[in-house]
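There are structures below to look over.
You will see subunit A twice below: alongside subunit B first, and alongside subunit C after that.
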Partner chain A sequence: MAAVCGRFLEPAVVRGLAQASAARPGARCRYFSSSALLRANSGEPPKFQPPPKPVIIDKSKVVVERRFLSPEFIPPRGRKDPLKYYIERIDMIRRRKVLNIPEFYVGSILSVTTADPYASDKTSRFVGICIQRGGKGLGATFVLRNVIEGQGVEFCYEIYNPRIQEIKVLKLEKRLDDNLMYLRDALPEYSTFDVNMKPVPYSPNDEIPVNQLKVKMKPKPWSKRWERPYFNIQGIHFELPEEIMEEAQKLSQPWIKFDMLREYNTSELEKKIWNEVNEKLKK
Partner chain B sequence: MPGWGLLCRAGARLLAGVPGGPVQAAATGTRGPWRFIVRPVNSSTWWDEHLSNENTQFLKQLTAEEYRAQTASKLCPLKDEPWPLHPWEPGSRRVGLVAIKLGMAPLWTKDGERHAVTLLQVRDCHVLKYTSKEENNGKTALLVVGGKNSSPFHKSESALEIFREAGVPPKQKTTIFKVSDNAIIKPGTPLYAAHFRPGQFVDVTAKTIGKGFQGVMKRWGFKGQPATHGQTKTHRRPGAISNSKVSKVFRGKKMPGKMGNIYRTSFGLKVWRINTKHNIIYVNGSIPGHANCLVKVKDSFLPTRQDCYKNPPFPTFFADGEEELPEDLYDQEVFQFTDSSVTYV
Partner chain C sequence: MRLSLAAAIYHGRVHRRLGLGPRSRLDMLRNLVTALVRHERIEAPWARADEMRFYAERLIDYGKRGDADEQAMRMADFWLTEKDLIHKLFKLLAPRFQSYSGNYTRLLQIPNRENLDRAKMAVIEYKGNPFPPLIVVHRDNEKTLLNQLLKGYREDILKTRATQVPEEAPASLYTGTAV
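Here is the complex of A and B:
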């Protein structure tokens, strides 16, 4: 209805204003540019002033600043005193002020430089895809995987280890799963990443792209039976016969998602910790 | 119930009194214990069974305020007539602390080596009682130290007496420390984590996690029997317990039984770091006990670890003294997170 009114209002408004300005040529009209003013001030013909560019506020696309709290800040469910996690968080924030630990997810490609006493230039650099993020507090780890000269290599780095000198995100993206351990049984092309690849730029406010890639696997046997519903893997293109898939589905436990004892709602905790962490990081 | 008392006394009078009558007839032949005649009195009640809700709330608030006032009044031990302070001499033993095991965390040294440390928090630790060496055994004096504050309502009167005399809220755990005469402290002084310093070694005693009644394989590490090859109903049993020559089972034979929930000590644990603001001690390695359990911490007795006690805070660290300690005290080798990353040259 507003749109309909708008369509009818605009010419009417314009006509009305035109009439008003025509009636009183010296009158200042807010809806037009300062051409009327110039006309009023001096008798010379006014310079052409282009009308001001319209400011289009597209309210359908709301820009929300992405709030990312690293998962190791959220304490696990348990009986430990929250003071212990608070003390650990203080140390984690101190380390983050010295070393920039960027936001990354499982599926992003990172490059990590660590201090190595046995290397010639005392540093060692490794590039790989993050397949797992584990641990809470100061002992949080992430595993990077790459295939170097045909050999699959995995490195488990501790995020707060003082030997780490630089963590760089070369490609920030998410995958369909939280845990990409199945890449060990996938074809090696899915785990190979160029060691000298150029970082892909990303803006801090964009949504993180989710890579919908479905990975093809090596022939069975695998290290784990990834087709089983316990792992809940979305990112594998299973080419197994249907009988095996049906047998696997027999082991599904659909009642688990209704189990209230397994619920762990961290939203309140996350908000508090987010505020606390941000305040301290700004200091 | 007042009625039971009267009945008991009546029953006692019957027994003690005239022979013959209903008493002797009931206990046929032998004069059995009088419990066969009068039912025993077992009145167990908890502190607020007979109190109204308002009274319970009031008592709780009252005790809380009282204990807060008591703790506040004990915050300046050096200002209200402490016992004479003596300097440290080689051979003197000082008090220990009662701490709460918070959990474990990693710690890195400047060489990049990773160690696992246990966090122990010293919460409301006070000295409760002093027994001089003459009262004790003629050789060493004793100091009773209490740990975390707890409610007075589930403690016996005899236990509450000690806390009342010291002027301190009731504690959850009390331990006894053998102390040399130059290290005695006035009851009521608070003890802090800065009593220990980074670089020294401590012994930590606590009750291990209780596992309940356990079989011989878990409790003593026996190998058991094979799973297959004809074993009939014997896979986790102890097997033979003795031989025929001895024809008896020795005392102390390892058998199934209750495992855990006993006091055990870890010796010679290095203190890496002290947080004076939250009173937390970072101790190397693991400690017996579950998270949030109360532990007893004291200077290590190991002869190879005695070098670090040249200048300890003696007899203890007084928070209101002249020493102004920084918030975190680190050992020399510990990597502090405010430093830049470790590099090798």
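Here is the complex of A and C:
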């Protein structure tokens, strides 16, 4: 109430009022009406201040917290010392306590503000769609792509870079693939996103929507032969002739999914790391 | 992960190169796994048996999931070329290994093959198989009382025979060692 009236009253008067109400916390401000003071200052009728919107907390729905462990926490398979990843995890959690790194996936639209010493207000903001999340541990990166004034621009940000001041998720969604590098060879309309777009609200309860969009490509040649089964891309609307698709299918290796040596079951590891990370974050 | 072998296959790769290519390698290992599930103890070149060991153990893990599991059934269908063995895997081998958490197989080296190639051979078996054990533990029986007494008796007979000139038919020396 003091903040609202602050525009019309002098600060000294506001402070006096605040002290009066704080000194006797049980006292109700029945005899005090802001509108009277407003009228006292200026002869005009008071401007209508709409009441603040009520915040509805729906307690009937059970709030199920989504267990999302960021992929950079899961150490890769190989002859590596787990101590290295443990030490990195400690540093990652320290950084996360300072900066809120939200949950996002490949295909979500993010806006990132970084510190820039050469900009007028010392920050630079970039909005784009996340096309790739790479790296494990402190060196984890994500690549944002956008088309600005007809020119495609990609930025590779390190998640734990101290120059990053804010990461905001404007639209949280998943796509059909884990890697959207093919957007470089797709028509530019699929990579353009409004720099000033409003964030789309989402509640932590909902399932993450999977965008079933199939992208149309520019004519060949592409940077990579995306029609080949090695890339396993679901999100392209191929309009290639049948011969090329059959040629590509000849290179498929259907036995790979039965090769048990390639499986990396991370469920046990994820649970342990999730508990460890949560405990430390709560402290 | 096999740490010793990873040095031989450079930069931490874990697949050996067998046969004509990746498909051929997998087919060869599939045949070996099928044979192992059928006979529960097979002889094979050491490299193939070592490569096959991982797949055999993972197959048991899939078998432990039960035949109601879609993924487990598909895996068993691919890896066992003889389809009656799928039933054996789920109904016989999986319950047998319920108490084990890993290490369902045993790999032992045997003398090199008799052929010209003198290949390094190994025998691989599932634990708990019905055959007699490969590693027979020999107890040292020389120090038992009975065997010491028999040894003393044998020495006595030899001594008396040495003094006496041989007239009668010699008594049997080997009355047999008690086991």
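Brief remarks on what is shown
As a working rule, the second predicted complex is superposed on the first by the 219 of 283 C-alpha atoms of A that agree within 3 Å, B and C clash if a C-alpha of one lies under 4 Å from a C-alpha of the other, contacts with A are read in each partner's own complex, and residues count from 1 in each chain.
We take it that a residue touches a chain if its C-beta (ideal position, glycine included) is under 8 Å from a C-beta of that chain, and two chains touch if they have at least 3 such contacts.
The structure presented is a predicted model; accordingly, all values stated were derived computationally and were not measured.
Under the clash rule set out above, the superposition-derived model of subunit A with subunit B and subunit C shows the two partners fitting side by side. Set side by side, subunit B and subunit C differ in how many residues of subunit A they touch, and the one touching more is B.
With both structures placed on the common chain, the touch criterion links A:R66 to neither subunit B nor subunit C. When the shared chain is aligned, subunit C comes close enough to touch A:W255, but subunit B does not.
When both complexes are overlaid on chain A, the residue A:H237 reaches neither subunit B nor subunit C. Once chain A of one complex is fitted onto chain A of the other, the partner contacts of A:R94 are limited to subunit B, with no touch recorded for subunit C.
When the two structures are aligned on the shared chain, A:R79 is found in touch with subunit B and with subunit C. Contact with neither subunit B nor subunit C is seen for A:K218 once the two complexes are overlaid on the shared chain. Superposition on chain A leaves subunit B and subunit C with their closest Cα atoms 9 Å from each other.
Put simply, subunit A uses residues 78-79 to touch subunit B in one complex and subunit C in the other.
Interface residues of subunit A, counted against subunit B in their complex, comprise 78-81, 83-84, 87-88, 91-92, 94-95, 97-99, 115-117, 122, 137-139, 158, 160-165. Remark: subunit C residues 1, 3, 6, 12, 14-15, 22-23, 26, 54-55, 58-59, 62, 74-75, 78-79 touch subunit A in the complex.
Residues of subunit A that touch subunit C in their complex: 78-79, 253, 255, 258-261. Looking at the complex, you find that subunit B touches subunit A at residues 100, 102-103, 105-106, 108, 112, 114, 119, 121, 275, 278, 280, 291-292, 335, 337-345.
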